[in-house]
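Input: one structure, supplied below.
For clarity, chains are labelled A, B, C and D in written order, and residue numbers in each chain start from 1.
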């Protein structure tokens, strides 16, 4: 059987209606709560080999190969013990990350609306068996952004460039079913099962040149997201330090 | 004299080199640290009437009218007591938020590079005198996103729509010197001193129709960011509950 | 009129029954929640000039001179937005800290039992008017505990000595209506309105000699707890560095 | 071979000198940092089957059966990535918890003074092999403390009774090499390898009657601390709900 990626959609239950109970002077509270929830979920999932991305803050996306239903239940319970809100989670698997999150989304939608007060602490979806786990992570960044932008342009202008790069990367990778997330600074991550090194290189060339910038990428392949990200970061650091030839390098710990 | 907006750029000191000391298996640590730092800064600034936005995570933007140099110093010291990294801050003022962040960026760049190990805990820039403070906040969202997207499309497809709306709003508001930040879900905030209600309405019409969606906006005007956001959220809730006629409504607590 | 101290009792609502809902494998969750709640309350109260002590963890004691009912309400609301539990608070005033906490305890008890599910987010008691605020703090420690105990005895034996010193200090200060709290390490704090320097010295002599140890104390007097603690710590540091003659020194910023 | 308990002493490195760098207005910062550190350590160790106790805040005690040197190293590294201070840890094993902490203390003391600036991120001591792990936990509380004290006495008077019970329990259990820690409210935990049910009952009878109170205890025996605490809490809940006959009941998941 083909090896696949496993994606978990994490949704805060009944979030819109709950935030409305906080009164009008609420935005700073919402921002703090979202950041605390994300930090805690990242702690929980990364301890088990996964990685979580902000996505839309009230709905996060985790790459969860190797993390089963009981561990998901444990995380869901832990969150409810620490926060005034609870979460629902739905897990999907697929050859591409796009397919996996689509499966997860559909399973969650069948349990009711995200804004329904009666839909609470749902845990649905499909999990991969051991032996079928595969995650490919591409860690991407811009060469010399500090020199070309941070230290010379205004803060907001740099941010707008980064946002447009993010959007362009998302478009390019979407064609092959990869998901792109923003990590902060000039760093992006593409969950990119099934994409080869040449494709990554061609995207970086095209996107980089359209912004007049050079980009580089490290690719990591492993059985779980955290380990794949570690290998991808290893590649990127090696390119930066000119230990290997860029702009794209790849490492795998799979046979 | 004209009333102005005050913007503070917050940069993590020597962040790239510091993260490299964490080893290759670091991305989950970086994400947790960034979220914790943001949450703490939001707590500190909102307690004093300000608001902080993620921006690029390693460089945050705060709207800080009414918060002076000593309070900035106190926040800087508090952060250094809680985290393994320190921050530099630069404050600028302007008729438009864009001008204010430009001034802050320039002042910060003159103290050295963001990635320099010798540039640490900088506090520079200009502060507004009492009586000159004015912040306009527009809180924007999409009508019925749960029904049109969250509950029917895949999670990632919804996120890509939101990202593109974010980019389009940024483009449109940039023409008048406003800064747009993403708040999570389908919520955006435009720091928009000097923009009138008609302009906001025209942007929402244009951006919304290009995505086949309806958008609405609440505008708040006050002497500080948190209070302006409160008024903006008040307007948006009133539109949602059909207490006032949308798609744009405005409240001010200024004479 | 005489100047007084203001004490706030903070009780987690319906805490016993709530913890029971966590299942048998709960003690680590309870410990994390208690620590997070305390840290957040310390942040909230210290920002306003107060100080909070652990006391019994599910019931904390804050010295809150200068912090009024609206600020208490704001803190209560903030906590409920961050945690799965809520708090009730009762405030009392007195010539001595003991009298103040007694008044606060009685006011709280009249609203129902601490373990009643129907008693929730109570805010009762009496607040001091401006101009009547006075807090005296004595910061006490043991000379050379690292040399005499930490570096030579077992960890638990050192802890038992500290616990017994704590108990003895509590007994001695109780005679004059002072409250003693443990701060960690070899540090204690006595909220000690109405106690003179000679009394503090005699207690330290007596307690210290009964354990074969020397003790010292810094006394701070001010209009709020945080400022009084700052002055007390200032004194203690000055004694340590032999800038002043110990074992007891006192500073006041009152006229 | 006999089964043993494994204890880890956790010391904040160079803590006294570090706190002095915070200035005189520091006590609230210290309290927040200590609480955050403890919460994070509890999270880390409990995820791996351990439990951490406050002890003296700057020096914590963890029961760490089943947690090896690499996991300790991982926790040490994680802490340094989140906090402005680092920790040293020393692990000891023994037939009794007292012996285990004594061994850990000695190993740590041989690496230098707790207040030495050159002693940093030490990791020393001895770890148990698989198959030799045994932890016995007694979870103790007072019957009806809410009715007899919380709801009728002043907050501080109740705290003083609890402190004295704590001290008495410590004395009684010390005779058999058990360690007693305070959990909050009216809850205590005795790490009590080698103690039988009759001894626990006799201590509770003696201590309880000297305060005019009834006490009860649940005893759990397992291969790690968290699981033993779960069983102990199970027993205590069963006694409370009169499912079993108290005042002491015991459960084991060992063969």
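Things worth noting here:
Just so it is clear, a contact is a pair of C-beta atoms (placed from the backbone, for glycine too) under 8 Å apart; a residue touches a chain by one contact, two chains touch by 3 or more.
Here the structure is a predicted model, which is why all the values come from computation and not from measurement.
Any chain touching subunit B that also touches subunit D would appear here, but none does. Although subunit C and subunit D carry the same sequence, what matters here is overlap: shared residue numbers make up over half of all numbers found at their interface.
Of the pairs listed in A-B, A-C or C-D, the one whose interface repeats that of B-D, with over half of its contact pairs matching by residue number, is A-C.
Spacing of subunit A relative to subunit C, judged by their CA centroids, is 44 angstrom.
Computed from the mean C-alpha positions, the centre of subunit C lies at a distance of 22 Å from the centre of subunit D. In whole angstrom, the spacing between the mean C-alpha positions of subunit A and subunit D is 38. Residues of subunit A in contact with at least two other chains: 32, 36, 43.
Viewed as a contact network, the protein chains form a single closed ring in which every chain touches exactly two others.
Pairwise, the chains that make contact are A-B, A-C, B-D, C-D. Subunit A contributes residues 22, 29, 32-33, 36, 78, 80-84 to its touches with subunit C in the complex. For subunit D in complex with subunit C, the residues that touch the partner chain are 9, 15-16, 20, 24-28, 30-32, 34-36, 38-39, 42-43, 46, 51-52, 55-59, 61, 98, 101-102, 104-106, 109, 113-115, 139, 146-147, 150-156, 158-160, 162-164, 166-167, 170, 174, 179, 183-186, 189, 226-227, 229-231, 233-234, 237.
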